[in-house]
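Below: a set of structures, written as structure tokens.
First chain A sits with chain B, and in the next complex the same chain sits with chain C.
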Partner chain A sequence: MEKMKLKMLYSGMKSEIDIIEKELEIALNSSSQFLNEASLHLLKAGGKRIRPVFVLLSAKFGHYDIQQIKNVAVPLELIHMASLVHDDVIDNAELRRGRETVKAQFNNRVAMYNGDFIFAKALDYMTRIENPKAHQVLANTMVEICVGEIIQIEDKMVLQQNLRDYFRRIKRKTAILIASSCELGAIASGASDEVVLRLKRFGYYVGMSFQIIDDILDFTATDRQLGKPAGSDLMQGNVTLPAIYALEDDAIRPLIEKTLAGPISEGERMQLLKAIRKSPAIQKANALSDLYLEKALKEVSYLPDHPVNKSLIDIANFMGKRKF
Partner chain B sequence: MEKMKLKMLYSGMKSEIDIIEKELEIALNSSSQFLNEASLHLLKAGGKRIRPVFVLLSAKFGHYDIQQIKNVAVPLELIHMASLVHDDVIDNAELRRGRETVKAQFNNRVAMYNGDFIFAKALDYMTRIENPKAHQVLANTMVEICVGEIIQIEDKMVLQQNLRDYFRRIKRKTAILIASSCELGAIASGASDEVVLRLKRFGYYVGMSFQIIDDILDFTATDRQLGKPAGSDLMQGNVTLPAIYALEDDAIRPLIEKTLAGPISEGERMQLLKAIRKSPAIQKANALSDLYLEKALKEVSYLPDHPVNKSLIDIANFMGKRKF
Partner chain C sequence: MNAAKMKQLVTELKDEINIKLHHRTLLEYTGQPPIWEDQLFYLLLPKFNGEQWTQNHQVTAQSVVMIQTALTTHDLVQEFEATSKQQQLMVLAGDYYSGRYYATLAELPNIQLVSELSDAVAEISENKTAFYEPVQKDLQQWIEIFEVIVSKAIESFMTHFELKAYIPFIQKGMLVNRLSTELQRFTEGTSTVRFVNVIAESFATHEEAVAKIQIELHAQIEQFQKLIRKTELLNPAIKDVLLGQMDVLTAAQHMTREG
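This part shows the complex of A and B:
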């Protein structure tokens, strides 16, 4: 059902999304059969293509030429895909969206090089962009994402975390790439500096709201909805917002500590999930996500009047409110 | 002694090499203390900086401006460094140049992300380059290197290899990056198309010759000279040129098969090294390296007369003749 809703939100952009999908396929082609199989596996696994969609929507504020816009949309999605592949190595994830990860299917090293290859292909694709500002934004986005990956390792297993640590992580993990998608769509279409800045901020806030929801769902959704066991984040050592709030509760704290300390039984996992789900942690985290969502919507109100504003609002609401 | 020889060859470029060294340090700086330590560790481990040197020498054929030239030299060396870090993950290498690898000191995941970070920083640095042709060459170089890494995995442990497989691997592993260094130095200085092409070919042949020597030394040099056990390539499953030739010898073939099949004893390693060292495999491999070296020197003869030609010849000879 959620997927249908998203499809409706994308409905006006189907032909453009298809163009980008086709370009992604072409971009990932290589002389290695092995690499092609791994990449195709990843492409087929789909994904919401949220970043290209934000590029397309943002580009409506300038001269909308899909041939120009795809030049930033494709590398952005490639960077996202590459970071997913590398994330799977770091998280030892065996499943993503209910499918085997590249890493599980092949092995860690292949996944590492497949990620490298996709990064390099993003770069290769970027050489088509003539705008130096767009180059800089993309390059800087990649640096920030990579620094974020290291920060995520640094913060792993650390109980003593505050909200600032968490925000710093999700900013780099998610928000920056969505902010850059909006920014680059606007830049590629030659929108005004004011519009570029507003859209960048909008994307940033949407990204923050979205990632918080994602981190909540890891506790509240079913294994089936997630395509992996609920509570995976914590079991992998990632202390997310609901966990940070739940740590304040003396009854839940030992459960969290135990989860971080080592493999827990299925019964312990159920106990953990139950405790967190009924604690105020989820509500508090939801409130924070809402706050970011509001900030995002406020940025839209500063944008010039345009039919696309409604789409931005609808997608932001969808991302900040989704149930799984 | 070899290091001294190289220093002599570099003597006319000391101040420029220092500028590049300083820039590398600045480029690798980040907001993560952890990342900075890992990168600094890598920088301090040194390296011959052969790629920047080829950039500098090639740039002499045009308008030589170090501020322009460093913009291609720095990302090239960063790409090389990043690929070394990722190579260490793939090879499970614990030592490189006698020092612990980043991977050994921290762990595989940090090494993966440290490599990603360095790649991204290369990209970040590249945004300073205005020449779109230079961009394309760098991006394409990265793609080819990444495809090469996957090919290296595909070819691992495979006994049934011919020279073509080997050449395909070392081309991507080494020759392309040196070819691109020469090509980019010439492009960045605005040299003529003819000079760009000649230098690119020169770099390619030097790179092939150099890698063959490297692969020979892995069998013929001492553990101390290598900073790791001689025979490591084969023990890690990399079937290099001397091994391909040695496989033709019915007395050595079982030793090679055994080495690839699993951990061998120290005695078996000594037996393998002794057998290969006195077989014709080493001579044959040396002859092939010489052939590439000759091709490289021939390209220099087609270049316009310039004092730098002698430096190109000297460094090519050094790289194609070095004893460890």
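This part shows the complex of A and C:
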């Protein structure tokens, strides 16, 4: 159902997305048998391709040339892919989107080399864009994503967290790459500074809303929908927004503490999920996601009138309201 | 330029890089970035030899070391069960150093070199992966793969600045240094890259594999010594330093064989 919705939202860009898919395949081609197998695996796993789509849409505010813009859209998706491969090593994850991870398929070391290979290919594509500002934005983004992940590891198992800690983390972990996708699409097409700034802000707010929803779904979606056990974030020590809210409930707090101390039994996991799903935590987290979504939509209203505005609004709404 | 001055410039370059790669949490859990000292020396070789060396050369050299350090950091992630906080941060340390490398070149800006180094990084990653693939190669082929891993990034730097004449010295010099280090690590059981382990698998015993690699290393050192003595490119002070380094390596090899 969700996939169908996304397909419909992208329907106006099908030919451009096909170009991006083909380029991703070319970019990941390697002389190494294992790297090829790993990359093929990643491509087959699919993904929402949100980052390249935002690059394409943002580029419509300037001189749009798909042959030029693909050189920004492809690296953004590649950087996202590479970071997932490395994240799976950090999380010791065997499955992603229901498929074996690269580290499970081979080992951690091959996953590291696979990620490094993909990062290199991303930067190689990006160098077809000569504007130094675009490179400075992307380089800063890459550093900030790492800093965000380092903070996430520092914050692991820490119960004393406030909303500021959480926002600081997800801004760098997720929102900044989506913000940069919008910003870079606009920069590469030569859009005005005002439009670049508005799109960057739009991407940032959408990214924040998207990550909050992702963290909610980790508790509310089924194992099958997630392609991994629900509650995985907390079991790995990551205290996300629904858990921060749920900690306020004296009945749920001990369950969260036990989960963090881990490992917990299947029955305990079910008990935890049931308690959090029933608590106001999910509703509160949804309300915050909606706030960010509203801010994102407001930014669109400041953009020049363009047919693409509707697509930005529709995709933002999809991301902020998706069910898994 | 004398040996002491060369050493001082190597130290200065290393300090500059450590400052750029500094991150409090990474330093606490993963230690100082694993910078290869010999790479610093070989990067500065043209400067030692009196070639024009601007601030642009210096900052670009920093970026080359940063990306090589990023890749080396990922060699320190364990093949299985990298679940400790230190190991998790090791993954991120490599990515962080890689980001800092790109930021340094984007700031200059030198986008052309990003492209050239990206090709090098892709090739290095492919060659490192080859150690895990089910392919049969002889000792010579494995050494060729190892040479790419060790010197490809610095070769890109030399090509970029039209300093290609230095590449044969860099290839050979870094190869013997790293070969010697890996051999020592293998005998101590502290290997990071799988290089010597892979070669060892194609011999009946580890001792036989080590002996073969030692013979190869000795031959490579001799070739390098000949190359240094014969060349008119390098000034006498550099030749003395390099020949001195080879004497130290040869002595270390003798000690390993006898001990």
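As a convention for this text, the second predicted complex is superposed on the first by the 324 of 324 C-alpha atoms of A that agree within 3 Å, B and C clash if a C-alpha of one lies under 4 Å from a C-alpha of the other, contacts with A are read in each partner's own complex, and residues count from 1 in each chain.
As a convention for this text, a residue touches a chain if its C-beta (ideal position, glycine included) is under 8 Å from a C-beta of that chain, and two chains touch if they have at least 3 such contacts.
These figures come from a predicted structure and were not determined experimentally.
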| With chain A superposed, do chain B and chain C clash or fit? | clash
| Between chain B (first) and chain C (second), which does A:Val300 come into contact with in this model arrangement: first, second, both, or neither? | neither
| said: Is A:Leu255 touching anything from chain B or chain C once the two structures are fitted on A? First, second, both or neither. | reply: neither
| Partner chain in contact with A:Leu56 - chain B first, chain C second, else both or neither | neither
| Touching A:Glu149, do we find chain B (first), chain C (second), both, or neither? | both
| query | Both chain B and chain C touch chain A; at which residues? | reply | 30-32, 34-35, 86, 89-90, 108-110, 112-117, 119-121, 123-124, 126-127, 130, 132, 135-136, 138-140, 142-143, 145-147, 149-150, 153-154
| remark: Touching chain C in the complex, chain A uses residues 30-35, 83, 86, 89-90, 92, 106-110, 112-117, 119-121, 123-124, 126-127, 130, 132, 135-136, 138-140, 142-143, 145-147, 149-150, 153-154, 156
| Which residues of chain C touch chain A in their complex? | 23, 25-26, 70-71, 74-75, 77-83, 85, 88-89, 91-92, 94-96, 98-100, 102-103, 105-107, 109, 111-112, 114-115, 118-119, 121-122, 124-126, 128-130, 132-133, 135, 194
| How about chain B: which of its residues touch chain A in the complex? | 30-32, 34-35, 86, 89-90, 108-110, 112-117, 119-121, 123-124, 126-127, 130, 132, 135-136, 138-140, 142-143, 145-147, 149-151, 153-154
